[in-house]
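Both of the next two complexes hold chain A, though its partner changes from chain B to chain C.
So, the complex of A and B:
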């Protein structure tokens, strides 16, 4: 168990750069997920840490020792390969004992440790089987047991659940979380499945094109994506939109960056204001508050949307840029990208509309998912918007229904284009 | 259209008859009393009784077996190492060159290849000698070992080797503990193929064997110039039986390898019946 630190790791294959200076810290005992589309470099990072590939530049430090130049057999890192890579000619017990043999562990201790770890993964009765006689889920557990029994300083998992079918995957996910908790080993997992990353990891690192896009806890990554790319990868829909100053407030802002206090508490955007305040305090350039703005997106007009991305280091800059741009052109507005979480969208029949609705829309499709239902609507010929409702709230809606759409501003993020 | 399966069946039977009747006739004649293969058929075992250790045919058979074992052993060691090298990444042009030349060895007419090898042997000062016989037969049999073993190595998951390394074994131990056990059956199949190919290799042996060293095919060839004696039928029948057993073993060891052997088998055994 050790802390893993990567600094300015880079790697090229021929003329193709796959890693562009990766800095990453995985605290002792934590579970880090490297998430990204294929070709983002996540597997390359794993291979470099395991010693299968070598980095062009940069250093890897595991628990205070540098791994530079060490062959894989001297790193003491447990690896679970995507194909599991169980030795087909050895029994389950011999597969697991493989790493103990290389460490010259006495035979009796080998047997005891193998039995212990088989118990941990719940496969005690299968010790004498050959890998070919096991199901995918069982093979995965054997691979995990084989990697854990050597008491590695670090556990690497390469797409550990991708080869399993959906039902088994859910079970294994819970199992993996339990085993990680019990073994307490620092773990790095590579995956392209955001759900897998969000449910297992303490820390999610989103990669694209060999660069880290965002590094955050799963919840923050989902709620505060740093860019449209991150939002898209987290499964949050995003649209092009225009942000302009609201008609009623426009005159004062256009004239000279003077504060126009919020007239009303539109949509109860109190928590959103907090971020705006922070910006106001640190930066006096803009004084526009969320209520002054109208976000036109997907055929809807939203008020009370926070134009700042809170949390991230660069959020103030983004917010200021938009604020300045809006001050310069209050009427025509600024082109932006807006991410809207599906669960922030609510839809109700036109006659029962609340006063704060963002606009009218037509139901295109309803996808029933069990406890929840996805209602896909479009407004004024705009793109489709997904709304995630509890099934009971979707009762009475059907294809072609005229509905009122309202959007919780807390679920909206805006970036300047 | 309906008659096509019937036609196909007839065609298949014709092919089998053409291929195997000569061999069958030879086997039957090895039990026939007549010295000149004339009918009526009268059963005898006297031609088998003539196969004493002093019979030149039997001595030639020993020579052939010794040579084939030597060549098969050489092919297995060299061929397996070559296959392992071919499976490594890097220098694709060199790999392609080696692969192509192995393929060429199989496709070039064996007579031309034999003349070429003799030419080189003469240049090297080896001439017709046991050494050049050994090297020549190895050259011809080597591709079969490489093809079979390479196919097996290519089917191995490279992650297996990485897994072994990450579990603490260096490259050499990984080879002994993972690679070797997994390619063992292919190596054995390659060894049998090399043995069979060498045993059947008439042309190379005719050109490269020194005076006084006669392998079975060469000996039979020499005898047929003065007339076939029925003890050739007897020794050929025994040889075919042994080869059939080897091919069956091959088939059990590796389906693919056996396909290649059964392709060369009938024409190869045909040589001994000349």
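So, the complex of A and C:
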């Protein structure tokens, strides 16, 4: 168990740069997920940390010792490979004992440790089987046991759940969380599945094109995505829109009195792994009162949207840019990208509309998901908007229904284009 | 399956099966019949005449020793080549390199032998520079000694072994090697605990092909080997061409065949043994139980990894490992 620190790690394959100066800190005992699309460099980071590949520049420090130049066999890092890489000619017990044998652990201790770790992953009775006789979920547990039994300083998981079918994946996800809690080992997982990352990790690092896009707690990353890319990868829909000053507030704004948020407040909000100040905590730093602005997006008009965007290091500039731009053109407005969380959108039959409604829309289709339902609507010929409702709130809605759409401003994030 | 299709397939296979039976089984049977059919009646008299002749036994030992050294040296030389082509050369360049590797295999054997004669001869392209550098005595050469035969055999074997071991090298999942390293095994340990077991089938094939071919050869030693290099095959060949085609010759041939097959079996068992963990943690009684005893277990029938693996070689391997263990334990 040790803290892992990567500093300015970079790597190129030929003319292709896959890592562009990665800085990352994983606290002792925590669970970090490297999330990103394929080709984002996440697996390369894992391979470099494991010693399977070497970085062009940068340093890796694990629990105070530099890993530079150490071959993989001397790093004491447990790796669970994608598709597990179990030795086909060895039994489950001998697969797990492999690392103990290389370490010349006495035979009696080997037996005891193998039995313990088999117990931890819940596979005690399968010790004599060959890998080919196991199901995918069982192979995955063996791979995990094999990596944990050497008592590694760091555990690396490469897409650990991607080869499993949906139901087994759910079970294994819970298992992984439990095993991580019990073993307490610092863990870095590579995944392209945001749900997997959100449910398991203390810290999510979103990579794209060899660069870190955002590094945050799962909740903050979901609620306060730093960019449209992050929002998109987190499964939050985003649209082009226009932000302008509301008709009624026009007189006041004409004087150009938009105030810029204090820099310290903004940076506080963007602090990585901050005390988890979620949603709306930074409303206070809004330039003008939110009510003064109207966000026109996807055929709807929203009021009360906070134009300051917390969650990214550069939010101060974004907030300022929007504020200044609006001051310059209060009537025509500024082109923005707006991310709207599906659960912030509510839909109800047109006759029962609340006063805060953003506009009227038509239901295009309804996807029933069990406890929840996704209602896809479009307003005034605009793009489709997804609304995530509890199933019971979707009762009575059907394709073609005329509905009133309201959107909780707290679930909306805006970026200047 | 459509029964008609089954019959059709059988008909298509018949010529091949027939030829194999005619040209391999029938002569073998005739050979054995000749060997046991002595003028004094059926029996092992002719074998006794072989075994009681110390000169024959000495040449048999020499021949088997030669075949063993050739096998080991050829594999040691070929494996790195196979590994490099299979794992460190781009897919596009591999066919070209493999084609270059098999050129000797496609060339007339007689041509190769005479080329070797020229190459190794005193004052030849190899010896002349060595001589001028003072590394070899005037007019010295290994030609007409068993060493020349050895070099020739190794040269002839390399092509085939590279191809056979290439198929093993290419198939090994790189993640298995990475897994071994991250678990604390250095490169040497990884070689013996992961690479050798994963290559066992091909290794056994390479041993079988090289050893049997070398033990039965006679042309190489006749041309290159000189009086010291006479192989068992030369004795048989001389007896046949000398017209002394009696039962003793047949007995000599049977002895050579059985002896070389026995060595191959021993080597195969050795490779299989090395491929298993030296001291498995799994309880010995279950680990070495006959395959049939284990097949009753649930889950074994649907082995996804095994049934999904292509090629007859893998099938052969999955069977041969437990059986060999049985024999040894």
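Everything that follows uses one rule, which is that the second predicted complex is superposed on the first by the 385 of 417 C-alpha atoms of A that agree within 3 Å, B and C clash if a C-alpha of one lies under 4 Å from a C-alpha of the other, contacts with A are read in each partner's own complex, and residues count from 1 in each chain.
Here, contacts are C-beta pairs under 8 Å (C-beta built on N, C-alpha and C of every residue); 3 or more make two chains touch, one makes a residue touch a chain.
It should be emphasised that the depicted structure is a prediction, and the values quoted were computed from it without experimental measurement.
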{"item": "Partners on chain A (chain B, chain C) - clash or fit", "value": "clash"}
{"item": "Contacts of A:131 with chain B and chain C, given as first, second, both or neither", "value": "second"}
{"item": "Which superposed partner A:192 touches (first chain B, second chain C, both, neither)", "value": "neither"}
{"item": "Which superposed partner A:110 touches (first chain B, second chain C, both, neither)", "value": "second"}
{"item": "Partner chain(s) touched by A:220 [first = chain B, second = chain C, both, neither]", "value": "neither"}
{"item": "Touching partner for A:79 - first (chain B), second (chain C), both, neither", "value": "both"}
{"item": "Of chain B and chain C, the chain that contacts the larger number of chain A residues", "value": "C"}
{"item": "Of the stretches 127-135, 235-243 or 289-297 belonging to chain C, the one that collides with chain B", "value": "235-243"}
{"item": "Residues on chain A lying within both footprints (that of chain B and that of chain C)", "value": "50-52, 71-79, 81-83, 85, 87-89, 98-99, 102-103, 146-147, 150"}
{"item": "Contact footprint of chain B on chain A as seen in their complex", "value": "50-52, 71-79, 81-83, 85, 87-89, 98-99, 102-103, 146-147, 150"}
{"item": "Chain A-facing residues of chain B, complex", "value": "157, 159-160, 162-170, 173, 177-178, 181-182"}
{"item": "Chain A residues touching chain C - in the complex, by the definition given at the top", "value": "50-52, 71-79, 81-83, 85-91, 93-94, 97-99, 101-103, 107, 110-111, 114, 127-129, 131-134, 146-147, 150"}
{"item": "Touching residues on chain C, where the partner in the complex is chain A", "value": "173, 175-176, 178-186, 189, 193-194, 197-198, 275-277, 279-283, 286-287, 297, 299-300, 303-306, 321"}
